[in-house]
Amino acid sequence: MKRFAVVLFVVLAVLLLSVVMAEAKYRIAFVPKLIGIPYFNAMEEGGKKAAQDLDVEFIYTGPVTADVAKQIEIIDNLITQGVDAIAVAPNDPAAITPVLKKAKEKGILVMTSDTDGAQDVRDLFVNQALQNEIGYTVMDELAKAMNYEGEFAIVSCGPTAWNLNIWIAYELERLAQYPKMKLVTIRYAEEDVQMAINVMLDLINAFPNLKGVIGQCSTSAPGVAEAIEQAGKSGQIVATGLSVPSMMAKYVKSGTVKSFVLWNPIDLGYLTVWAAKYLLDGNQFEDGKEYEVPGIETKPKYIAKDKMLVLGPPKVFDASNIDQYMFF
Amino acid sequence: MEYILECRKIFKSFGGVQALRGVDFTLRSGEVHALVGENGAGKSTLIKIISGALLPDRGDIFYMGQPVRIDSPRKAQEIGISTVYQEPLVYSELSVLENIFLGREIRTPWGNIDWKREEEQARSLFASLGLPHHFLREPMGELSVGLQQLVLIAKALVYEAKVIIFDEPTAILTEHETERLFTIIRKLRDQGVGIIYISHRLEEIFRIADRVTVMRDGEVRGEFPITAVDRAKIVELMAGKLLVEEIARRGVKGDHPLLSVQGLTRRPRFFDISFDLFPGEILGFFGLVGSGRTDVAQTIFGLFRPESGKVFFDGREVSFGSPEEAMQAGIAYLPEDRKVQGLFPIQSVAYNISVTVLRELVRRLGIVDVRKERDIAEKHIRELNIKTPNLKTRVYSLSGGNQQKVVLAKWLSVTPKLLILDEPTRGIDVASKSEIHNLIAHLADQGLAVMMISSELPEILKMSDRVVVMHEGRITGVFEGPEKTAENIIRAATGERMAVAGGVGV
Amino acid sequence: MTNTGFRKVLRRREFTVLGLIVLLVVLFSLTTERFMSVSNLSNLLLQLAGTAISAIGMTMVIITGGIDVSVGSTLGMASVVAGKLLVGGYSPFLVLLSALGTGLVIGLFNGTLIAFGNVPPIIVTLGMMSILRSLMYQLLGGRWISGIPPAIRVIGLGKWLGVPISMWITVVLIAFFTYFLSSRPLGRAIYAVGNNPEAARVSGIDLRRTTLFVYAVLGALAGFAGLVYVARTGIVQTNTGSGFELEVIAAVVLGGTSILGGRGTIIGSLLGAFLVGIIKNGMVLLNVPALSEGLVVGVLIILSVMIDVIRARGERS
Amino acid sequence: MKRVLDYIVENRVLFLLVLFVALFVVFAVSVPGFFTFYNLTNMTQYGVELGLLALAEMLVILSGGGGIDLSVGSMLTIVAMIIGVLIGRVGLNPSLSILLGLFAGAGMGYLNGVLVSYTGILPFIVTLASLYIYKSLALIIAVDPRFGPNPMPVSNFPESFYFVGQYRIAGIPFQVLCIFIPVILLLWLLLEKSIFGRYLYGVGSNEKAALFSGINVCRVRVTVYTLSGILSALSGWIITSRIASARPDIGTGYELQAITIAVLGGVSIKGGEGSIGGVVLGIAIITLLYNGMQLAGIHQIWQLGSLGVVLVGSVLLNQVLLARRKI
């Protein structure tokens, strides 16, 4: 009994202490879709930089695979820990709603970043670029590289990745403007470069008239480019898509990839933490206003009706500018 | 050097139990030395020590006059001591050839296995034993158990064994296979091999052994040239008391047959089987393994569908689709191979006894009445004198005889009308055997109909009121009263072919 | 005698799988002209190399009655080590040794716990899988490895006589281990251990050493497969090799190796890997919707095993 | 003291209990926010879905004959999709949809069971095949024509649907109190007290002896696989309600985790041995471990590794202690 009392005392003391310590700095958490991939690493880097500049505590934690259920569990535990703000890149925009609602009820600032979700609950969405603009830009880049005609394929990643599917939908919408282009198939290669290579090699064989391909995510874009080079089709088939410069540079330089699309994820991470601090400090964003954020290269714009802060237009990387962005 | 193998004052204990208390044992080259004793007498412990599976606590072993330390089965084999186990330890998926040579391959200069020379050697070996050798490349699993055992003997010879231990070799052999084995053992003896022979069947020992050592309670109770003892003396030393070979029966045979089988056929196993079985009667079924006895019993029990023929049970025609249905009608079947078909080794004693009667213990919604379950188990443990620490003891830790009693208890607990016993006393010690015999007689006296399959002629003669003899799937004789003689039965049962399994005949 | 010998071949499970492969090849060649093209077949071989190399070791492990679900993460770990060293500019030979070594150490660790710790293989390797994944994340820290120097990539991409070099290596490995399993005493001991451990112990086979050996070999082979992976893709990501274990196990099991132990051949596993590979390849060529790929693979697995079962029944009666 | 230790080593359930208490005390002392009523009740919900799958795995493994169900994750997924599509896209009554989903789970489990029992194909192969098949079907069901040929999650459920996964009674999550605990009690009754449980252990420890004892081996096995399907379906329903979204990728990789937990709980891979108490403790330990480590701010990466260490370590420790005792 005595020992139990001692244990209880220690526990209470630790609890109290942690509460006191928590008061010292804002604790801002960012939960990516998954950890251990270059894209979110870049966001983490940006977040860390912002935390240093703004003197807040930055917590970066997420599931090791893009697992919705695990992500929710992690957010729930962040609520238990009593952080001040949670920003999420949700694996499923709807699934995230209940737990974010709970966070909000506990007085936590709730945001989404990179991918939107829980629109009626979250306080802010930090958006890298508008969904339709991303889809359109990718399609335009492909069309330009293919000289506006011929067959092309899409190699996507997880067949259920929500934002990839949305982008594909916008790409197809844009396709209407290019009547001489034809989509032959959509294939899935998970988040796995080797699988993307395999799938693309099979596609090259299956569709001899293939002229272009979209690698829909950061693993499939270098994968399809690699496959084209392995098959010796560089120059006949062009690849584009969404990926990070450090992995695409090789293919841009060899000409297999003319251009590809992304944004600056370091800036996105920075902006997320900056915006959280801004709101925690009691500030409000104004509609249509472009903000000057020290440390990032674009001027983010606030759209009040969507409670959305947009980093900027999607960025097109090609041989002319890729060397400046090799750090992510 | 008088003895090829000599054990002096061997002691061995497990936990607190003293299994061997200063055992002396000797073996000459060119003799068959029988080792007898009840289960738990220490035979197997001694054998395990000689074959390297166990190390003695104290005592010395001399091999060819030199002290040796046999610390592994491999070591034993290397110095020339081989063991043929009761249940042959084989690689069923590998070829006969590999079963012989595995662990001691003949190699080419490159270190590869030299299949050709292995086959040559095996062929000449088999020829010298008078065995055919066309099946050397077949998987071992396709051979009959008897043949497998002969292959293992050949294996011992490949190891140039000077001592071969036979651990109850005939327990799973047919009469005919046993004869074949004895011929080979005599041949080996004449070649100068020392043979240790363990068996529960005393009649065999008188036929094959030169010397006999009797053990009881971890000690040697006597060692004699075989000509200097008789059966009664050995039994007395083994059991400490004389066993009666006659059994008292009250003879309360009913008027109407409980089971009536007419023209039952399931090709190629058995053809046109007809017999009646009355309440209170023990009907013996004799025949070689593979003669179809077990198949008839299992077909009646609902494990197989017959092609034609009728079965009447308790006055009406039946055709059971599963053992479940047969049991519900009142038939119990004690299977032949208790380890494989009878026991749930990792479950408790209580579980094993009550599992067949659970349906009667169900109260509501499929929930079992645990108290009744325990009562039934306790009752049978008492009645069959099963030696177990408690009800929850897992069955695998009991001795062979007690395991067999547990299986029997399992079938008795259902209080059937017809009890089919398939080799009820195979491989168990004399005392337990006798207890089980008495129990069977007692049950029949209470009006139970018993169908008893056995390969042991003495058992059949002792127990049965009538004997049905089968050969190659057909009934070749039914004997009763004064006609029920060993000579008649053997004549009906023997064909000149050995049992054939998996298409490999000998 | 030859007649029964031939019948025995027909009865083998490998034959069923081979039959299915032939059937599919005919089907695909008739329906798409692209299937029989050199480039497509060469692709197929390229894609299969990693699976086939690991399947050699997995076959041996399963023959002993064991299983290794950590093979995917072993491959991943080895490719992380190889990738790091390659980018660091170390000699390809050293890289080869360290990839093999990484796999070997992992295999030895698995084997030691299984053989000497008496822990069931599924538990050891499930645990190992999580531990390795954890270490891989830690080593990479989320940064993927790219920019693998071209010298090493010959293993993954180069061709000799029109056949990928990785496939030549695979063929050599398969030939060697088939010979090893059929003609070397230790090879036969692997079957013995899986078929009847008790008998193996009595006939003087060192069970522990044999067990340790098969896991070590599988580890080393998975390590080598990791190197082939790096050489092929030129990129090492954190989840390299995830899900690979089921692919390898499926190939081995489909190829007729009994998961109860004691039976199986490497050729069978190779055929199993081919069957799955051809199905996937054919479905792309026929442009069957990607989502139903699993449906077809699953149904074919059941079908191919079912054919065996039915035939075995037919023979018995 | 030594005898107490011996007893613990021999009794896996007790061993797990000691491990559980030890972990609990360590977390309670060292992790802020752990030892609160809120956290202790809140974390239980994360053990439910995987827990149900582990229980399913326990039943199947117990039935012996190489029993294993690799398809539990896929069955969970497809049931989640069926319920999701029926409610969210077809607009069927939620209760009816859930019922249909559970029936579908039972049906798929039944199919596994029939294939295992009546064709003689090993469970490992049957369920490996159905893992692929059910997963693929889930993807096909999930295709939403409005978004082209892509499978999409479903998330427009009526508020009432969230009751199971998101509501609480006296602070305790509804699904824990009203589904998980009753399921555990029912399974306890089934395994420990009922005739079916007796038969299951019998079939698992010796299939032949069970047949000769008049037990219908096939029926027992088919029942077990069907139960596995039902438990997976329940799990699929709960997870859909909890995360408010039916996803065709939700159960990926759950099968190996479920097997891990069942084995950690002391279920013997050979069948016939293992208890529900052990498996429940296995679930509790894993749930506790994840929660404690997350609250302590330990990197996710280490959580994965620690699962492996706990699994191998606990079994190894048990074996080593057992071996030492024997000498």
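Per-chain residue numbering starts at 1, and chain names A, B, C and D are given in the order in which the chains are listed.
To be clear about the criterion, a contact is a pair of C-beta atoms (placed from the backbone, for glycine too) under 8 Å apart; a residue touches a chain by one contact, two chains touch by 3 or more.
On a predicted model such as this, the values are computed, not experimentally measured, just so you know.
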Checklist line | Which of A-D and A-C has more C-beta contact pairs | finding: A-D
Notebook entry, point to check: Based on CA centres, what chain would you say lies at the far end from subunit A?
Noted result: B
Check: Just how far, in Å, is the C-alpha centre of subunit C from the one of subunit A?
Finding: 35
Next item on the list: Please report how many Å separate the Cα centroid of subunit A from that of subunit B, as a whole number.
Entry: 72
Check: Roughly how far is subunit A from subunit D, going centre to centre by Cα mean, in whole Å?
Finding: 32
Check: With chain centres defined as C-alpha means, what is the inter-centre distance between subunit C and subunit D in Å?
Finding: 29
Next item on the list: At least two other chains touched by the same residue of subunit A: list those residues.
Entry: 35-36, 64-65, 159, 186
Next item on the list: Indicate the residues of subunit D shared as contacts by at least two other chains.
Entry: 139, 149, 151, 301, 304
Note to self: Among all residues of subunit B, which ones touch two or more of the remaining chains?
What the structure shows: none
Margin query: I'd like to see which chains touch which, written out pair by pair.
Written below: A-C, A-D, B-C, B-D, C-D
Notebook entry, point to check: What residues on subunit D touch subunit C, complex-wise?
Noted result: 66, 115, 119-122, 124-126, 128-133, 135-137, 139-140, 143, 149, 151, 256, 259-260, 263-264, 269, 301-302, 304-309, 311-313, 315-316, 319-320, 323
Margin query: List the residues on subunit A that touch subunit D in their complex, please.
Written below: 7, 10-11, 14-15, 17-18, 35-36, 59, 61-65, 67-69, 72-74, 76-77, 80-82, 92-95, 97-98, 156, 158-160, 162, 165-166, 168-169, 172, 186
Note to self: Going by the contact rule set out above, which residues of subunit B touch subunit C in the complex?
What the structure shows: 53, 72-74, 77-78, 83, 89-94, 98, 102-105, 107, 111-113
Notebook entry, point to check: Contact residues on subunit C for subunit D in the complex?
Noted result: 69, 113, 117-120, 122-124, 126-131, 133-135, 137-138, 246, 249-250, 253-254, 259-260, 289, 291-299, 301-302, 305-306, 309
Checklist line | Of all residues in subunit C, those that touch subunit B in their complex | finding: 183-185, 188-189, 191-192, 195-196, 198-205, 262-263
